[in-house]
């Protein structure tokens, strides 16, 4: 489709620093907008970090990601995919969270995404911390468990924190498996590294069939080989893509709350997404961008570039 | 007037960090919007610093000012004026400049403001450097010279720079006087200070009747006395208000390109505007906020607060 | 008392940048330490910002305040009080919060302070956001309502946020009055300013007898006069002192989540505390220092200096 | 040649932070200096960013590059070339631009370089934005078109911006080809990447015979292979070297206005220059270093190191 | 005198960001320069912080002060003194210290200043930490003790640190009195404040007749009254002026190693110097500017402005 | 051994930002602590940068490293070594230096380490600049020369600076060889790069048998091969491990005084240490972390991670 309404404003026409910033300079089409039903892929801000156990800040992520995303242009310079011509994309605005009530916030998020899914819109979310993925999955996987390709330096498969707390940014996928939102045999986690509390998360993964590819294996095998395995695990079924910016090395992405050294560089950060072309992506998120720690703004630009690469993968899956 | 359409989103409903940022969380009503004609005061971004002779950056001002202005609430805590209930305010968006062509940019600016003025909208501009005031005045003062209250540490009355260059952020008001846009006998400049090239600007001011109140005089007489004189100079005729953020001491407003020490503090920065209640303000600007040098974001918040105080003064002038 | 165990390490002996940092280089005496019972004033870190509605960060406050407080020396340069000789002071360590569970965190805080109060120790807390004051007051005012001198740019007397949420950093003192922890007729709030949502908080204050001294009144009357009134309101009964760093102008204290321009400078920030000498202070806190926004570290040093000035006021009250 | 006058001050004699900073601590030999005629390679500051379409700042580049270059020592640690013994190098000072007049600035630049070229001095320029290369080439290629090795993430081959503007930092080499300053068949552009407006620039390149080596090809083939091709393209004729710092990944070079992720690391940033030894380099520039965005100063040091590596390549070309 | 050679480059001719930076854009006239003997006031960089007991950094002061001083213009905007027309001023370059040998550095400094004094040049030094003043005074006061006006938050009159160390930035004036370089009855210290180790320094001051005016006294009496006393103390004899940037409040001057809250603002920072017009100033320094902690560059600009104000006071003393 | 006293506090129990920070949240066991004799590996802070010839700051390293090390967990995610279960580790506190007296500081350091070595504790030091290694080696190698694996971008083998100064951070290993503390035939230096003063250091290395592996050789051969050679050189004898953070590329470790581009990434930074498992490590240091230049805190976290990796290597050597 190619309705000009859904095309971004070009930097040849309006300088990148000008204009009210929306994601990738797309039209702002909140749920009450008359053209909401036409949207095929909805970019959504989820400014919520209620599950953060260490350094907060991702609540400020969507605003900074919108700002940085004004640098994104029309075509992918490697694959030459033009996502905004292939799919009607729009900025659906932000979900309003309740910063002082975790359970209330999760409910608000799920309700918003239920409306998005009901409209047939594929959501691409800018978080927020990683707990965001859980209430999103409750909407996206309402009709049955989905597979997941998950880039991260942590498994986020822990059971509880601080003596029994079940909902933090370290537990979303443990809950998602328990709630039947994820098909663990179609889940792969890539890039896990850093010092470990214990092996409880990995024992759980093994027990339910989640495949963990630690970072040393990525370095040893190379990205094409690892991603071929990831595609095979996800298969052709509906698949969620969850990208924690701390997957990337903190030299390239310092603006995050729980950085872990030893990750991929920024070229590899995009390459892994490019390798997902053809998957049946039913939703995606880019989480844990934390502006208070992003002193050059580079993390936000990297995040926006990853979001663009995800759009290109979605466009290719749609065409495939 | 009190149409809820023109009311800002409250921080009790949506957290301040959420949502696509517009000035003070007002509705985004660009010239092609169906309700444009209803707007009474239009907040406009002018992201242009083509006249900057030293450190550039104000082109990034409008975006940061929108972000910071999400902290502004409904009522003035001193005067208890509620500007958004008193006047239909909206964010008219940005004027798109041409960063590589100074004269083209000035034309674009003037054309935009001509449309605003034609619609009967009073413009409140977020710059941009101080050269912005000139193409705005060409529209605002199209039907005759206006008075001006000007807060700054520099007179911006120089003739030329670099061997004959007539348009820089140090010359707008020299040009405005020459072009008959300002009535110099109704112009007052407050806060001038710092080391000086020479006295050429002050000689010009004296020759045409502009009143300069240097900073040492402000310190000596106090703000109420100085502002009483300023009100008397501006009188009851149409008056433009131009506020260069470098009027304020750089400890309070570091984010600017030509800071000058020895200025007022942030309380005084608002107090001088509060003293303008009752004037017939036909346009206003807040210029020279430069985000690359605003490392805490405090300058932008101060700038947004000054813009709010200007709105309150406008509302009082309207009521008066 | 003057047991050397309770004396800080001097910068003449160990450079300020050396050593494991405790508050003011005092001994670290957690509740299980053999000398806990000897402590008279306990400095406590409360790294919790679960009630923050806008920019988070105060959870990192205690660590940065400990670091900055290594600059504090033995004697007050104005009053020449030597608090560490007058009272047995110690760093009691941090209360461990639950960052993902607000109600659990409040319980943990109250339990910790009950033990402190039971040991006869006067607590001086380094927050944390302003919701911290509520669970502390539940311990400190367990035997009856206390008076309060409160420095802030906000009243923190709101009822609810986000559609019914009763516990945020904007509501602690509304709850404290409702719970009978504060005697509103002995409460004074100083420095209130900035734009306002509405007058609901002030209406409540008036209805229960809380005295609000807005910032414009502070500027007009001067600090000695205002503080004389404050002392009269608090009287001779047990009084809590709550100091939100955003009372101070953000040029002097940028490191906070909800800064408000127009506040006092750093000399005045200490002067207001010095004026409290003689009060019967049964507990105190310094809250809302947010290191992610404190880019020079100056806010932390100011905060540590305020804590020292509070210690001096306590010592004088004790002697009085 | 080895006249001590042209040797840098050693860090063994004067600490690196001491002294008025010149490029690499070389003597300051402006055009009116008695020894100007003896200079063989002139390091020139071109503090001008008039062609910048997005984030300005490179006007501050020369000063920061001089400061950072005080860290450079006498010998190349890989090739052991000693450029300051091989060639009489000096800091020729800055070209004074006109920040408010683009065309005037271009004239000033060309005139300065005409004098440099007339004196037989090979210019090594520290920019400034990439439009700087055009007025330099007008002097350097006055007697006939030159070849060019160009490191960048963008082609800078666009035709116009903002509705017809022909001179921006995105157009210099389009103009240079049109003006006959470059022999397009001897031009190679290396490292191009990022999202694209369209293919207009690449279509132009193809039509005139410019070879573009996109970043994915660099990653696939490796630097030695790519640079062998680059040397073959440039051949033995007079060749200009233009190095945009945004060729390098922004983790290594954040201080630039239009960063693009996915670039080479800092070792590779030097390696590509080392591979140019033997070329007939008639001029070179290092552009787009933007101090306002270089928060660690690391971009400037990388830029200074690239300039040193260029000097070494020049020295080897001279010897070869 | 008014030889154009000794006039600064104007910002109307060369933009402020262009050119190799010297102090105030004056000519660089090191001791071996042919016109050295004509200099009347020499601006000298002393990049040495060997006496720093806490946070180092002032060794980087001179370079940043030169950079910031390019903003200084020709005339004082309050007194309208034109120092560069009144006196032949030049940048004499930096004294090369030995960062790893304190005693060797002090010798190098004294030797440099002996040559300056021998040439009849009045030195205005940009430090460096406060220990710099001691080796300077050894040259300046070689022929007899001088008076001193000293702005600071610390007395720098301590005897020893760390078990007997006699030379630190906390001891220079104790040593200077002991060595007969200062006439203590003609010494006044203004702005002293902050928490204190003990009263040993003040006891010493009292015993030798040094007058300390603590900050609370400055606030109470006002600057004109305090400075009248200071002028009376210094009298008409040869007087040294020593200005520690931490005299100023850290909101205005964060870039220093031992900041102390509660100081004067930036207007007052200049006002105190203006009040010294007429004294017989035989040397002056501005010390403790520490760029690593000066994140906006504002401290350096304040420092450069103080240096300019000192030049104006010198020019008035000379005329008087 | 596995006494819980020597186990770090878990982030599952106490959030990472809470608590008085010690190295890796280990118990604080200074020499006068009753359990000092039980410690097997002592983590020591050495906050001293007296030998720094350029940008100071490492004196602040230990405090920031303690803070960052609270992120370290119990097990190595690659080797699954659990050092805190394998060895009794503790934070021994800081050595108190004399910032204004280099020779006195060296004496203090050596005396502290003599006590540590006498207690049979293996020291792991957090510096401080690289001169720290010399006084440590005087204690560690008191009974005979040791081998050394040295990661750095500089050899630190120079003879003198500034006309004869023998003790700087550029000379420690020259002195250590001269004093018989190192067996040069068992010393390997890895990662050397950057521009060079001359070849005097390398000539010395060659003359005494020290093996230098420059960075280009590391890139060419790969880390496993290089480290196999390093292990062979060190052999089975007592070996010191010295790790200068500037070994790592400044994109990953900007917080250091003499950065050198072209170094390894953060994965490789740990990999080289992992390859040392099995060596007989009798002491180790991590030096030159300089917080004033570490604007994201990432250098400190990398440094803490290297210290953890060193502990793991020690644990494996002990088991081997």
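The first chain written gets the first letter, and so on, giving A, B, C, D, E and F; residue counts start at 1 in each chain.
The rule is short, and it goes like this: a contact is a pair of C-beta atoms (placed from the backbone, for glycine too) under 8 Å apart; a residue touches a chain by one contact, two chains touch by 3 or more.
Values in this document were obtained by computation on a predicted structure and should not be read as measured data.
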*Looking only at C-beta pairs in contact, point me to the busier pair out of A-C and B-E.*
B-E
*Copy of A-D's interface among A-B, C-F or D-F, judged by over half the contact pairs being the same?*
D-F
*If you average the Cα atoms of subunit C and of subunit E to get two centres, how far apart are those centres in Å?*
38
_Quick check: what residues of subunit D touch more than one other chain, meaning two or more?_
13, 15, 17, 53-55, 59-60, 99, 161-163, 249, 251, 265, 293, 295
_Chain-to-chain touches, reported pairwise for every pair that qualifies_ = A-B, A-C, A-D, A-F, B-C, B-D, B-E, C-E, C-F, D-E, D-F, E-F
*Under the touch definition given earlier, write down the residues of subunit B that touch subunit D in their complex.*
49-57, 59-60, 98-102, 104, 161-163, 165, 167-168, 292-293
_Under the definition above, what is the set of subunit B residues touching subunit E in their complex?_
53-55, 161-163, 192-199, 214-216, 219, 249-251, 254, 258-259, 261-263, 265, 293, 295
*Inside the complex, what are the residues of subunit E that reach subunit B?*
10-13, 15-17, 71-78, 80, 249, 251-252, 265-267, 269-270, 295-298, 301-302, 305, 308
*Complex contacts: residues of subunit D adjacent to subunit E*: 13-15, 17-22, 28, 45, 47, 59-60, 62-63, 66-67, 91, 93-97, 99
